[in-house]
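Shared between the two complexes below is chain A, which pairs with chain B and chain C, respectively.
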Partner chain A sequence: MNGWTGKILRVNLSTGKLSTEPLDPDSAKDYLGARGLGTKIMTDEVDPKVDPLSPKNKLIFAPGPLTGSYAPSAGRYTVVTKGALTGAIASSNSGGVWGPELKFAGYDALIIEGAAPKPVYLWIRNQKVEIRDASHIWGKTVPETSDAIRAETDDDAKIACIGPAGENRVLFAAIMNDLHRAAGRSGTGAVMGSKNLKAIAVVGSGAVTCADPKAFETAVMDAREKIQKHPVGGAGLRLYGTNVLTNILNEVGGYPTRNFQDGHFPTADKIGGETLAATLLQRPRGCFSCIISCGRVTKVTNKKYAGEGEGPEYETAWGFGGDCGVDNLDAVTKANYLCNEYGMDTISMAATIACAMELYERGFISRKDTGGVALEWGNAEAMVEATRLTGVGEGFGKKLALGSYRLAESYGHSELSMTVKKQEIPAYDARAIQGIGLNYATANCGAAHVRGYTISPEVLGVPMKVDKDTIEGKPALVILFQNLTAALDATGSCLFATFGIGADELAGMLSAVTGVAYTTDDFMKCGDRIYNLERQWNLAAGLTAKDDTLPIRLLNEPIKTGASKGMVSRLPEMLPTYYELRGWDGNGVPTPAKLGELSLTA
Partner chain B sequence: MKVQYFATLRDVTGKKEEDWQEPEATVGDLIRALVTRYGHAFERWVVKDGDLWDLVIVLVNGHDVRNLQRFGTKLAPGDTVVIFPPVGGG
Partner chain C sequence: MAHMLMINPEKCTGCHNCELACSMAHEGVFRPDATRVHVYSWEREGFSVPMMCQHCRDAPCITVCTPHALTRDPDTGWVNLDEGKCIGCKMCVQACPFGNSIWDELTHKILKCDNCGGDPACAKMCPTQALEWVDDLTATRRRKRAFTEKFKDAFSE
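Right after this comes the complex of A and B.
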């Protein structure tokens, strides 16, 4: 095989058994890799009713056929499992350099089964795989873990690991790789912690082979040029990072403020990308084979919030910022660093604090409950302390560790949790932008923006501008973005490559590297297939059409101020058309005809 | 009217915002006047082939002119115009 390595590594932590098996060529062809291959393995091997934190859940790390090649921004891998936060299929995507290293070591997927009796880490050097004791590393932060394991394995080892949050099964714990990158959402870190697996260290000395090197080179150089010529992919993201979105969303009135109580935050500029570039930014940073370099290397010198690392990204700046009513960039950045060190998803951490702040405002939580932390809107110190407590697993942090849905539910007010399928909604107000609301409600992993990033057409105007306030055409638009993204994710490419290239170019590079001829239609069909397979898995897990919804606030409470004042989400008007265009029945179940079209079985 | 600048346009104009005193009938009139004031450094982020660059976000009182009349969108003295060059995504 080319592009693919043709080999899967299977590790059973209960028995200690290590084995490899060939990658099934039909699965590879139909599901590509990464998110797609991981979903196929989950379908074949994991009972959807399983408890996510039980040994019966599996944890799959999968790069894609493009990962580790020199295709632009092709450095990604996906963690696929049953999400601890959601009980739905989780497919958390991460960048950095760890994914390519797994390819260089010779694997298209790593399947972790069972649970180790004591803390362990996995050490992979090409074909040599060992399960090693991690008792002396358990409890360490992500940077400490990375240092300790490199000292025992290889200075060049690439490390994916959990911090104390994953060990303590914080329901939104992340798996971190290369220190600052995260397979963040849905609690993949808690699943890893439940298996007593602290880290996976990899050194690979192979390379990704290519079926048609000449065609690949031509396709790659064309793709690179298109990305470089695009103002966002070629310049903008390097200058300001994703956090440039703060002012954009705020000015169109779709910047969720104080747990979505409003859609506009008057002092947002203080925590936006322009301010970040002028103050804390040291330099940009890119992942493997990436020319976009959206990453932010930053440093906070203010003694109160001192630290260094990477970030904040837009979602993080929003969550710890406007969603909590905070406009202190040093504090927001510190909270980001804490999440990276303890291994937590910044979106869910921040939005859970915002939910707690509203519960506090309304008197459902008292200062006694929080152990003295004054969870007032805009209290930057309290926001950072709440983050730290969650990371270390102390005091009120133990309650925040449940995520906003279970936290709010425990006080009898789950309606104050801004979640879909128990996963916290990110940084775009569904009342101000109709299509993204439909995407939140129907994303298979729970509320997520990157699954179908219609912010691009609805706000930015990429690839073309559509009106954010209309619902006509939105179901079709959301489906297009969801399918394209699923296929793109499955190649191992980064979503930001779409600031420049699209399905045509991706299909071209994929065909050249694998030697399997994908037309653009074939490529999009893979995306549709992956999406439907995820949907089937979720339905078998017990999710229903009732879970394809938004918090009542977004359906009924109009935005109060700003450019989108007076708006609500019109999800109920869009959902039936969405189901119909997806080829699903009125209950959101894929019809036999649809399954047949994608060669899936009921 | 109030004009607010973001991202690279802050560097180009040296400002975050300004009170634009000249009456401009349309968005196109305003942009052309700003190009006269700030030159090619401004123009290259906003104008393409004599028209509004498709990827630029220009809001008039919070509404995107690409969903109105683009350069033909009418302006009134009390309006707030916000201009983002094409730099953002996430």
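Right after this comes the complex of A and C.
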């Protein structure tokens, strides 16, 4: 095979059995790789009703067919599993260099089954695979773990691991790779922790082959030029990182503030990308094969919050910033570093603290409950301390570790949790931007901006400007973005490549590298198929149309200030059309006709 | 005018596109282990440095190459490798002060930058001009300029 390595590595941690098997060419053709292939494997092998933290859940790491090639910004892998936070299908992708290394070691996917009786790590050097004792590494942070494992494997080994948060089953624990990159959402790290798997070290020295190098080079150079000429993909993200969005979202009144009580944060500029570039930024950083370099290598010298690492991204700066009422960039960045070191999703961590702040401010929890941490709006010190407590698993951190839904519910106020399918909503207000709200409600992994990023047309005007306030045409727009993103994710590409290219270019590169001819329609159909397979998985897991909703606040409480003052989400008006256009019945179940069209079975 | 590959580590983002371009140009596959250019990264510092044969004027690899597989091209000044003459003794790997003569464990051959014959694939694929193919006068002047700029910035603060 070209593009694909044609091989899957299977590791059973209960029995210690290691095996390889050929990649099924039909699955590869229909589901591409990464998110698509992972979902296909989960569907074939795992009961959707399984407890996410039981040995019966599986954990799949999969790069895509473009991963390891020089397709621009296509060096990603996806973790697919049943999400610890959500109970839905989780597919969290990550950049860095780890995914390509797994591919160069020879694998399109790594399937982890069962659970080890005691802490272990996996050491993969091409065909040579070992399960090794990790008792002495258990409890260590992500940087400590990476150093310790390199010292006993290979100086150049690429490391994906969990920190103490994953070990302690923090429900939004992340799997970290290359220190600063995260398969962040839905609690992939908690699943890894439940398997007693501390880390996966990889050295790969093999090749990724290409069916038609000449055609591929032409397609790649065309795609690169389009991205480099794009104002966002070319210059914006390299100069200011994703955090360039802070001022943009705040200006349109779509910047969720103090746990979504408002949509505008007056001092947002203090934590925005321009300020970051002028203060903490050391240099931009790129993932494997990336031509964008949105990564932020930063350093905080302020003694109180001193540290160095990467970040913050926009979502992180928003979460620890505006969503908590904090405008101290040093503190926000420190909280980001702590999440990277302990291995936690910054969005869910931050939004859970924001929820706890509202519970505290409204008197639903007391200072006694929080162990003395004054969770007042804007209290930067308390925000950082709450993050640390969650990472180390102490005091009130044990409650925060449950995520905002379970936290708020335990105090009888689940309405204060800003979640969909128990996953925290990210940094774009669904009241101010109608399409993104519909996307949150229908994203298969729970609330996520990276399933159907309609912010591009609704706010940034990419590839065309669409009125953010209207609901006209939004269901079709959301479906288009969700299907495109599913297919793009499955190739191993970064979503930011779409600041310049689309399905035409991706299908072209995919065809040249694999030798399988994909038209743009074929490619989009792969996305539709993946989306529907995820949906089927969720329905079989027990989720229903009732879960396709937003917090009451976003439907009923208008934004109070800023450019989107007075607006609420009109989700109920959009959802029936969305179902219809998806080919789903009134209960959100794919119709037999739709399944037939995608060659799926009921 | 002679050209050289100029390395600007401060511009390198660690994307490895140069390695992919190099292995595709020489080996016809994507294989960062089989490249004549290598990007070495310091993960904690978030810093990366691309490295390849410097085509040294007084090249230790030529001195130790008993079968004379490594020779200097009188026209370009580059150190050239004749794979047909190479016996795989790896003395050049030992001798290179920078680790830029590479023994590939899979193909069992020495890999060394040949400037792609005058049109280096790595520089074309570098998205940030951390690698540039420039004439040697420009390369030298730009280095001086970059260095003196630091003084200028220090004095104008």
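FYI, the second predicted complex is superposed on the first by the 602 of 602 C-alpha atoms of A that agree within 3 Å, B and C clash if a C-alpha of one lies under 4 Å from a C-alpha of the other, contacts with A are read in each partner's own complex, and residues count from 1 in each chain.
Here, a residue touches a chain if its C-beta (ideal position, glycine included) is under 8 Å from a C-beta of that chain, and two chains touch if they have at least 3 such contacts.
Everything numeric here is computed off the predicted structure, so don't read it as measured data.
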- Item | First (chain B), second (chain C), both or neither touched by A:P231 | first
- Taking the superposition as given, does A:V244 touch the first partner, chain B, the second, chain C, both, or neither? first
- Task: May I ask you to decide whether A:G461 touches chain B, chain C, both, or neither, giving the answer as first, second, both or neither?
- Result: first
- In the superposed arrangement, which partner chain does A:I271 touch: chain B (first), chain C (second), both, or neither? neither
- Residue overlap on chain A between the chain B interface and the chain C interface none
- Message: So in the complex, the part of chain A that touches chain C is made up of which residues?
- Response: 68-70, 75, 97, 100, 104, 143, 146, 178-180, 204-210, 213, 217, 224, 228, 282-293, 295, 297, 308, 310
- Note on the structure: Listed in rising order, the residues of chain A that touch chain B in the complex are 231-233, 235-237, 239-240, 242-245, 247-248, 251-253, 269, 273-274, 294, 313-315, 455-456, 459-462, 464-465, 467-468, 496, 499, 562-564
- Note on the structure: Counting only contacts in the complex, chain B reaches chain A at residues 4, 6-8, 10, 16, 54-57, 59, 61-64, 66-67, 82, 84-90
- Would you mind writing out the residues of chain C in touch with chain A in their complex? 10, 13-17, 20-21, 23-24, 27-34, 41, 43-47, 105-106, 125, 127-128
